[in-house]
Amino acid sequence: MQGNERPASGAVLDEPTAADMEALFERLKNWDRWGDGDERAALNHQTAEHRAAAAALVVDGAVVSLGRDLPLQPSAETPFPAHHHMLAAGDAISHTGIPGYEACGDYVGTQVHGLGITHIDALSHMFVHGLMFGGRPGTEVRSDGAQANTVMTLADGLVGRGVLLDIPRARGVDFLDGAGTIGVADLEQAEADQGVTVGAGDFLVISTGRDARRTDARGNLDPIGAGLAGLHPECLPWLHERSISVLGSDGISDRMPLRTIPGWPFPIHQVGIVAIGLHLIDNLDLGPIAAACAERGRWSFLLAVNPLRIPGGTGCPVNPVAVL
Amino acid sequence: MQGNERPASGAVLDEPTAADMEALFERLKNWDRWGDGDERAALNHQTAEHRAAAAALVVDGAVVSLGRDLPLQPSAETPFPAHHHMLAAGDAISHTGIPGYEACGDYVGTQVHGLGITHIDALSHMFVHGLMFGGRPGTEVRSDGAQANTVMTLADGLVGRGVLLDIPRARGVDFLDGAGTIGVADLEQAEADQGVTVGAGDFLVISTGRDARRTDARGNLDPIGAGLAGLHPECLPWLHERSISVLGSDGISDRMPLRTIPGWPFPIHQVGIVAIGLHLIDNLDLGPIAAACAERGRWSFLLAVNPLRIPGGTGCPVNPVAVL
Amino acid sequence: MQGNERPASGAVLDEPTAADMEALFERLKNWDRWGDGDERAALNHQTAEHRAAAAALVVDGAVVSLGRDLPLQPSAETPFPAHHHMLAAGDAISHTGIPGYEACGDYVGTQVHGLGITHIDALSHMFVHGLMFGGRPGTEVRSDGAQANTVMTLADGLVGRGVLLDIPRARGVDFLDGAGTIGVADLEQAEADQGVTVGAGDFLVISTGRDARRTDARGNLDPIGAGLAGLHPECLPWLHERSISVLGSDGISDRMPLRTIPGWPFPIHQVGIVAIGLHLIDNLDLGPIAAACAERGRWSFLLAVNPLRIPGGTGCPVNPVAVL
Amino acid sequence: MQGNERPASGAVLDEPTAADMEALFERLKNWDRWGDGDERAALNHQTAEHRAAAAALVVDGAVVSLGRDLPLQPSAETPFPAHHHMLAAGDAISHTGIPGYEACGDYVGTQVHGLGITHIDALSHMFVHGLMFGGRPGTEVRSDGAQANTVMTLADGLVGRGVLLDIPRARGVDFLDGAGTIGVADLEQAEADQGVTVGAGDFLVISTGRDARRTDARGNLDPIGAGLAGLHPECLPWLHERSISVLGSDGISDRMPLRTIPGWPFPIHQVGIVAIGLHLIDNLDLGPIAAACAERGRWSFLLAVNPLRIPGGTGCPVNPVAVL
């Protein structure tokens, strides 16, 4: 794996200390930035103007999904698969008893988070030292539903400019290995190669080539055993400075195996969600959009991510769709 | 209710006979139109060019949701509410045992169809004489999942031009009564009043004022007992001629109480889904988009409806979002 | 309803004050009785000898269920019905792909508590002043499962002597009205009429005639609107003195509408579960066992209530079965 | 594994041919035995007298569970674990808003069948040539619930004489290996060693030592990869002749890996359930009852298996409890 352990710069990145992380957390904390009680956090960068400009990016009108199929069978990626249960199928065509009413229906349910299902994290998903974004106590996420920072912040939809940074492409490989680390140099090299600049309000979407890696492994990819490529903590100030609104990845943005910094196993989730106020989208499927972007030579597009309106929810499975 | 029983034309519309409906079904049947095995059906009207033009409609970048909150409590509208179960809340912050990893998570599940949850019907939801769109036997919808005409047809997302026809506005009322019937004259009057023309590939979204009606009833609206306004079957040829791709409503497009035509209780679902190949979106919340359109004096917009990728699914709860 | 508001003694029972209830709670508290960390509570009365004696009660070997069917449709009694979802039915006989392996399967799930489903309450179901039986803090019931006083206390099964007290029979009515109150005099009159004495370790099962009442109401029984008959708080010392282990009823043992004693809406649950340490079984179906007992002229029997082994559970749906 | 491949007789048992199995199926078929429409099948052997005699077996009143904990985490034995979701925990003590009502509650759900959860198979679980017990077509098991041979046959409870045959004890080993085969000689040797005779109406419970094997494997037991010990098809006539009512095992009674007889991968399920009409209980935990029996030198006991009353169900998770 060593080739990918070092980012594009060639230099091996040092692991921060816990003290470094504490300082970084404090430095990047947006808790007072948008006023008391604000729950939109980094979404405040995503203005109506931003959305209008994103819509203007549409050229040919092709649509590409960035979501994975809901998994219905257990796997190393999805030990808790979704449930799709038919309530009445074609064999029960007359189940309603209303003559002529021939219909069927189903039930769908799923755990929201994890290492395999494409989902968005609301800001109530993560805590640092017992606090959520905005300094709200984690106890506001109650057993009968979260009472703050819920996915209802996104109830009116998430639509904006998506920018794909294709790291395997920038490195000239098919995919990053399991424990691959992405540094700032990688992000900036991808920007330069692709001729795109990540900016305020963007959905930044980072490909590590996970689908190619899964294919290479004949469909079996074990995130726990074999790891997932992710961002080095040095990227956090960069994400903050670029004022992105949402961070997505075909992994979970954090590297696995987890960082060994005491108390900071998931620095991107911990600092990204809790301090900066980023909504994170995990487990995207980025092969199709990477191909569509490469074909067109443009890596920004209109992206629509419309979570369901789940009162009290800490996130939602999603099917983000790009319009090119 | 009588005021609303008659459409805008003033004439009371006759109830078709079963023979009329059979003939209509045959006449509007698109089963051979797009080739053998086609499952996109009326979505074929929604081309990439259509989507690019829809994106060009965006002016100010405002976003408005057309979805209702997932209901978590039973009501007359939602006798089978959704499930939102916390799996770990703020009181179980250390449940993973990984030092510093403070997170919570949840489970969400729901029946897909019904009279209260905002959802899209895949073409496998309805049958006529045991057959689905394309003439496929209903038995292809199996107890372990639909095997044709599933919601996976929409896996790459549904994005296009939404057109709202605001019938209460056209009639000068706050809302249609429960059993109100909408005729072609209503649709065309709304078009004329609003200065918009429904066309090929559109998401046609029809407001009956259900949310205003619910508010008027202090939150209690019983679709079974008190009915839902819907389209008269005479609208079916019109929908076909206009070549729309998707039909949405704040009701279920069909009127309740059900039509008494023998064998044809749900003509819009039966002919619309099975013959024409329309995807239907039921139980939208159209007050906010109606207000936003009226404020701007424009009733067409970019609409993104991105169902989850559910293999074998007959539909999906959705949160459609307009960009204005 | 007034006829039933007064118990058998004829005297109208006074409503206790909150101070009365606090004193009663303290007086009946078994928290130190069986040693530190004990979670069996009143089940300690149910010894192996008790069970052997209960088995010796069996005469003819008839079996009678005291459970209701799991409700699959919503009703006023079961606003959150159970889920029974086929995963593969007879139409998917070959779903495994193994030649000759023709099988089907299903999923069953349910909320555990409520006013309609036959279930047993573990001691973690109720709190008084934030504490569970034994003085354990309610916060030990965590969002990821209860950590004390769980249904696993019953993992080895609940088998013992059941004693039915048939209050409508003792009063000469078909059923008690919704808000009917049962006093000590009722219990003792039923004992005398039936020739049975409630004693240590017993499952005391009290019929209010709910199934007859439901039948009388043509299947529609609204526990919220029309109430449920239940025990007056004066019965609590009696239950304590008799050293029963489990209290069951075709209602919820507590009367509905709820008591208006400030802070003590459910005195039987609050004092019975939290102070005395009784496991409660709610929503039994007692018509069949009442008939079987009356026919035989004996009102005690072997009763088996075997909850599922649910780690972290606060109760379990059950199907208690009497052997006569 | 070979030591266990051969049963107690020492002779390696031949694999039957498909023709042998067809003949056996016809020979053991009880479809007309108890009259048209009968669904109790082999339960007809379990009379009230049988139950009364079983109750008379109780000596000391000890209770022992034969059930496993509902699994909440995925494993090779339980790839689809059960769901235990708290709906309100101790952090939401005031969620009802009723002063003084401090309560919590939960949801429990599970797939019914499989290789890990202790459950009983109703007769609607299996088919041979598309037919269920009694010759009913498998299509009567519909996607909206089974319409015949459901678990409701057991609604009044299952209580009778349990007889444990402890095969590892008879062979002098701790447990049978994964693919171990049990023959008639094993059953009869265990009977002789234990001084017990399996008879009409019994719950025959066969230990293969699965819990000891799991412990030996440090908790990891993969039924697919490493197999499960089970009965050779030659046992089927013996089970029939003995007129047992229910067959239980700590495995699934059938051996895994599956038999290679074409069309007969699960002969015990296929002939036992469909022809003979046996209810099967799979995945018991028999270590505790084996120890309790050995200690007492008696291997028959009162056994209570009370499935939930699930309309349309093809089985039920259970916690069978022995009273000794």
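The letters A, B, C and D name the chains in turn, as written, and every chain counts its residues from 1.
Simple rule for what comes next: a residue touches a chain if its C-beta (ideal position, glycine included) is under 8 Å from a C-beta of that chain, and two chains touch if they have at least 3 such contacts.
No experiment lies behind these values; they were computed from the predicted model shown.
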item: Self-contact between copies subunit B and subunit D, residue sets same or different by half; value: same
item: Turning angle required so that subunit C lies on subunit D, C-alpha fit (0 to 180°, nearest 5); value: 180
item: Inter-chain centre distance, subunit A versus subunit B - centres from mean C-alpha coordinates, in Å; value: 29
item: Centre distance in Å when subunit B and subunit D are each reduced to the mean of their C-alpha atoms; value: 47
item: Whole-Å gap separating subunit A and subunit D, where each centre is the average of the chain's CA atoms; value: 45
item: Subunit D: positions in contact with at least two other chains; value: 83, 86-87, 89-91, 104, 107, 139, 142-144
item: Interfacial residue positions of subunit D with respect to subunit C in the complex; value: 47-56, 58-65, 67-70, 72, 82-84, 86-87, 89-91, 93, 98-114, 124-130, 137-146, 152, 155-157, 159, 258, 262-266, 269-270, 302, 304-321, 323
item: For the subunit D and subunit A complex, residues of the former touching the latter; value: 74, 79-81, 86-92, 95, 104, 139, 142-144
item: Touching residues on subunit B, where the partner in the complex is subunit D; value: 83, 85-87, 89-91, 107, 142-143
